[in-house]
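In what follows, structures are represented as structure tokens.
Both complexes shown next keep chain A, but they swap its partner, so chain B is in the first and chain C is in the second.
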Partner chain A sequence: MTRNSKTETSAFARITTRREFGLAVLIALITIFVSFFDPRFLDAINLRDILVRCAPTAIVACGMMLVIVTAEIDISVGSLMALTAAAMGIMLSENEWNLSLWIGLPATLMLGTAVGLLTGLLVTVGKVPSIIVTLGLLTALRGFTTLMMGGKNIDGLPPSLQHAAKQGFWGIPLGVWVAACVLVMTLVIIAWTPLGRRIFAFGSSRYAATMCGLSEKPLKLFVFAYTGFLTALATIVDVPRLPTIESGIGLEFELLVVTCVVVGGVSINGGRGTLLGVLLAVVLMTMIRPVLTYLEIGEEAEKWTKAIQGTLIAIAVIGDSLLRRRRRGGPRS
Partner chain B sequence: MMIHSQATQSDRLLLRIDRINKAYGGVQALQDVSFEVGRGEVHALCGENGAGKSTLIKLLTGVTRPDSGSLVMNQGALPVGNVRGCEAAGIAVLHQESTAFPDLNAIDNIFVGRELRAAGGFLLARDAMRREAAELLEQLGESIDLTVPLGQLPLAQRQMVSMARAMSCQCQLFIMDEPTASLSAQESQKMLMLVNQLKEQGISILYVSHRLEEIFQVADAVTVLRDGQYVATHAVEDLDDRKLIQLMVGRELDELTVRQTISQPKSDETQKPSTLKVDQLSRQGIFQDVSFSIAAGEIVGMAGLVGAGRSEIARAIFGIDSYDEGTVEVNGEILPSGSVARAKHVGMAMVPEDRQHEGLVLPMSVQNNLTLANLRDLQDFGWLSQTRERGQAKRLIADLDIRVTDPRLPVETLSGGNQQKVVIGKWLASMPNLLILDEPTRGVDVAAKAQVHRLIRELADEGMATLMISSELSEILTLSDRILVIHQGRIAAEFEGATATQEQLLHAALVGSAP
Partner chain C sequence: MNQPRAVAQFNYWHELVLFGLLIGLLGLAEYLSPGFLSLRGQLYLSRHLWVFAIMALSMTLIIIAGGIDLSVGSAMGLCAVAFGVTFEMTGQLPIAIIACLLTGVLGGLFNGALIARFKLHPLIVTLATYAAFRGMAEGISQGESYSQFGDRFSELSRATLLGIPLPGYLFFVLAVLVGLFLWRTPTGRSIYAIGHSAEAARFSGISVNRIRIGLYTFSGFLAGLATVIYVSRFDTAKADAGRGFELDVITAVVVGGTSIFGGRGTIVGTVLGLLLIHETRQFVGRYWQVDELKSIVVGVLLIVSVLIYQLLVRQRETRSH
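And now, the complex of A and B:
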């Protein structure tokens, strides 16, 4: 009978082996390195730029984190972003329906939530694996978007919305404010509500959850609907920064979000992960491109961004797998 | 049939199980089972593998519903099929397999599903939960780090958390399913002390266990089930080891079991060379110092309780799992640990316990399944020969009498008995000289079972060395020349197949030594 002595490791060891620590250290090191190279990296303008870029990813990652914790996945968020962008554009643009912000924005949010609910229903009631459902939606939603836009781009969004997205309030763009609120809200859900606890419980052991009488439907419907809502929200605060709305918006966005969640330490098998880790991963992933620009790697930067992101996800997944095997111990003892 | 006299008085009666029937896919797991559990009573539930104990637990905890019959607790019917309802009615359970959430800490494990709430029910009352969790664990005499995910704690502590959860439910009936199965002697004693503690608090315990010494130490009454049927309930003072085992095995059998005369097992004692020689095989925590040999033409049966380690020993011999110490030798050649390829190469074959997941590729055709173990023999210059494949399949189907209309049909369409024959056939095609069988007739109908038994005997007569693991004592006694009984990873006893009795085998399996 082997006694597991993991609980006797020092506090130092326990902090330094955590994913969040590694990510924080990595971010710090990169920042220090780049600012030696070019001190302008630390300018307020640049930092604000990085934060704004992080915002939509961080917002959607909050929802995606919960989805992955329940051992599901949603790879349709990029297409949903395009759909909600097109819908928002059509509703609010002065060249189209020109509705008031008070109608257009809530309607966009409802559209995102509705698609999320649909996904959740297909997974729980339809019993279709989430990878299949969201793979289908990935294509279907993109197709819908192209139809809706009828081959033209949309511009003419209300100037107030554009200003809020680009400059914001007190020098901080709308996206950053909203991202902060979403992070706090998600933290409360995870740490302080029964719902959050049950989401993690379900992901940790579906068998034990059934033995406790927990039902999967409300949990999974929530996580998918939440993600849909957050995708629409991210669209609202980010898309108005662009000059026009094209049907290619959000392409490969889902890959970025899932990457951030997994690199942030959320296990793809469910049940484990922290919001802090996800946030750090979002910052790390987002800063790669600007960092490469400041290092004057030029046009090559685009290709290297993807390569580096890919390497990070590989390290994250393999590392998680190895740690998992050690942590869970050997046979069922 | 004696009923424990205390329980029949209604104020002392906590639970009445009345004429319960439950079938699972054609198998009658429980048949007309009735008995009673009194208040503040430690009531042991005994029976061999497959007696129906797990099914009964599932019914009492609301995981499934009975087909007929009733469960009455405190004069009120239990909300059958409703997990939370049964929990609310006062039934708690400590499962055999951990039902802990490995990624959540002790506090959450205790409270998930019944969280303490604050702020109008929306938020968790985290401090209150932490305090109560600490209190409960203190009562159990444990100091556990409440922040650590449960998966990182040793099993004994995980079980304590499960117990704490049960206690926080204010239960009246606590079901304990093999609670000491993976515990050390010291931890087991502590568990028994807790059982007494709970009893003093007026909680009734339904103690499901194979450890007879514990039952005699802590139980007030014992109920025995056999093959899904109720046998008897006795006060523990009226029983001893022998009587209890007799109840579990059945009185209808003679002292000497009836052996079907398919072919008499070898009675000549000429020293045949060993086909298989296992020496001091050990794997930490699973099995220890296993040594035995099997000669050509000999059938060695391996009996023991579920979890004793029989399948694990077989898998280690065949190379599926590796082992820490010891050697496996086949026809004089020592095999490396953990290599199925080498095992196959020297002529070993293994028919696994779980044929559906480990023995067959269900969506694949019968024909393709039959040739999976010796594809190499059916090649022409690296290309698989369809003709030879078909031919081999046809031969095996004829030889083993596999009932299938078209060998190209997926093997999942076959009945259990025929599926088992496919698995056996597949391995026979590889021309082994040592055949390992793990539960060869589980879920197989009577006719096919007889055919399989005959086949095993015929193979042995032709020189096949056979190791047969079975939980069916009659099957072991029918076929084996020699019988090894495994208890907690060690060989507890060895018997001659011709003279052993079911009682002797069960005694050795339960207690760990020959009677």
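And now, the complex of A and C:
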């Protein structure tokens, strides 16, 4: 009997100390609090708006999660988003090349994948640390984008694309559909393919994985190319919502994505993390701004968005550290 | 006498190569765009350099110790707002400067305490404070900018002594002090040990935590100092001060030969890296007159410099083993 109760408490403890649990509770509490304050927060329109804002972050976070699980990092996604947005704009805009969607969109996706592949090659073959490669690309791609756009904004994207991004199908914008597909795809990769298992194997112990005969290069090439591809995808579904394409698109987007992945419980040292945690973190981070708006504390409050985001990251990692310590220090079965 | 051994034991190849590159670049620049090397022009352009240069010193120490500080740019924003707010309240420049430095120190101390006390990854902690510092600066200032600190304060960054701007002297003094500290003092040497293996350093009796906290606090202090120069130069203190500077600073340090994994790097290398990037930017801006090209060249320079090092130097090292 004692043994039974012990396992029960440990099961309870195991669930409540999970990052996903903490995030879900936090999201629920915030939602309840805000909807007491202003029931309109739960309106379909607002919920849809939050989902649409989540979409690009969630899409890229799927790739970033895999990158971080392999103990690498990619901080160039914001600049890559600007580059792919500019390329897409130039190819599709009726004031520019006015190409068909069937050429422009695949070309945009290929551009994103190619840059991701380049990052992967520099990391695996060139043996340059990923933070250096992507820091260099962060600067270079942004410069390249500004150069490409020549100081003017691009408008006149095809109306069909704009409509899909804003209204979507059956009342739900394209971004949300795509994000759902990407989440499922990533989940399948992680849970049911050898590729996904190998990525986690490498992240948790590079040495052990190498000893088991796994090779590192294809995995890393894949995660970087996948992230590049997803960044281009996020651009396609999110950028047409904006009235014009400017060179400042995606500024600091990389930090938001990395933040979401880390707050979602993916270890920066690799090998640990769940997709659900990342998804919840994306929702939480995206909620902050609409919540501040609905609380109607005034214009002043929205300026604090970033401070709140930063505090959340700090709380998440400190809490993690404390939990780890207690678990290690306390009696263990 | 034994020359091959002397060559093998020479530890400053990276600095030598950087120096060669710098000379080559300057020569090419002077050839393609005569007048580039004029002393007056160079000194005039140097005003772009000092703010970055000062922060690069502490960044070098932190990266050698195996850490990183992404929050320095945001810390500048917070320091600038602290400066502006205190000046508006008291009207006293010295108090504003002290508040600015103090904010930097406290911010750095906070980073260091989190990293050392909770054993958190520096990348994550400084990513959090990167957002938090900037957010606090934006929240407190509400987008307002503070200015009109008086002519005497503007003079601080513009005045020259023997043709060299005052911030230049400040940088030289700091660089020499930090360089000597790193090169000659036991604490300085132990920074390399921490970068190689923090575990081993702790077991050999180095107080790793105390040194780490000290380094991040120093980084915050230098961010405050850089802010004073920045505010003096533009005569405005705004929440967006120093946006994106952390990347430029890290780039200079890494191009200067400091290993991002820690354990290797020198102040001389960082100074050369700073100069190389600074001169490249000035030359590209002057010769092609396209501003965007600057960031492309600097980004490529960063990747290529590490790539060459990995392909050439690493290969030779592994072969000789």
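Please note the rule applied: the second predicted complex is superposed on the first by the 307 of 333 C-alpha atoms of A that agree within 3 Å, B and C clash if a C-alpha of one lies under 4 Å from a C-alpha of the other, contacts with A are read in each partner's own complex, and residues count from 1 in each chain.
As a convention for this text, a contact is a pair of C-beta atoms (placed from the backbone, for glycine too) under 8 Å apart; a residue touches a chain by one contact, two chains touch by 3 or more.
Only a predicted model underlies this, so the values are computations on that prediction, with no experimental measurement involved.
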Once the structures are superposed on A, label A:Pro39 by its partner contacts, choosing first (chain B), second (chain C), both or neither.
-> neither
Thinking of the overlay built on chain A, is A:Lys127 touched by chain B (first), by chain C (second), by both, or by neither?
-> second
In the superposed arrangement, which partner chain does A:Gly271 touch: chain B (first), chain C (second), both, or neither?
-> first
After lining up the shared chain so the two structures overlap, which partner does A:Pro194 touch, if you call chain B first and chain C second: first, second, both or neither?
-> first
Taking the superposition as given, does A:Pro159 touch the first partner, chain B, the second, chain C, both, or neither?
-> neither
Partner chain in contact with A:Ile313 - chain B first, chain C second, else both or neither = second
Considering only the touch criterion stated at the top, classify A:Thr305 as touching first (chain B), second (chain C), both, or neither.
-> second
Specify the partner with more touching residues on chain A, choosing between chain B and chain C.
-> C
Overlap the chain B and chain C contact sets on chain A and report the shared residues.
-> none
Note: in the complex, chain A contacts chain C through residues 73, 122, 126-129, 131-133, 135-144, 146-147, 255, 258-259, 262, 268-269, 299-300, 303-311, 313-314, 317-318, 321-322
Which residues of chain B touch chain A in the complex?
-> 61-63, 82-84, 87, 95, 97-104, 108, 112-113, 115, 117, 122-124, 126, 145, 148-149, 151-155, 182-184, 284-286
Of all residues in chain C, which touch chain A in the complex?
-> 68, 114, 118-121, 123-125, 127-136, 138-139, 142-143, 247, 250-251, 254, 260-261, 290-296, 298-303, 306-307, 310-311, 314
Enumerate the contact residues on chain A facing chain B in the complex.
-> 1-4, 6-7, 188, 192-194, 197-198, 200-201, 203-205, 207-214, 271-272, 327-329, 331-333
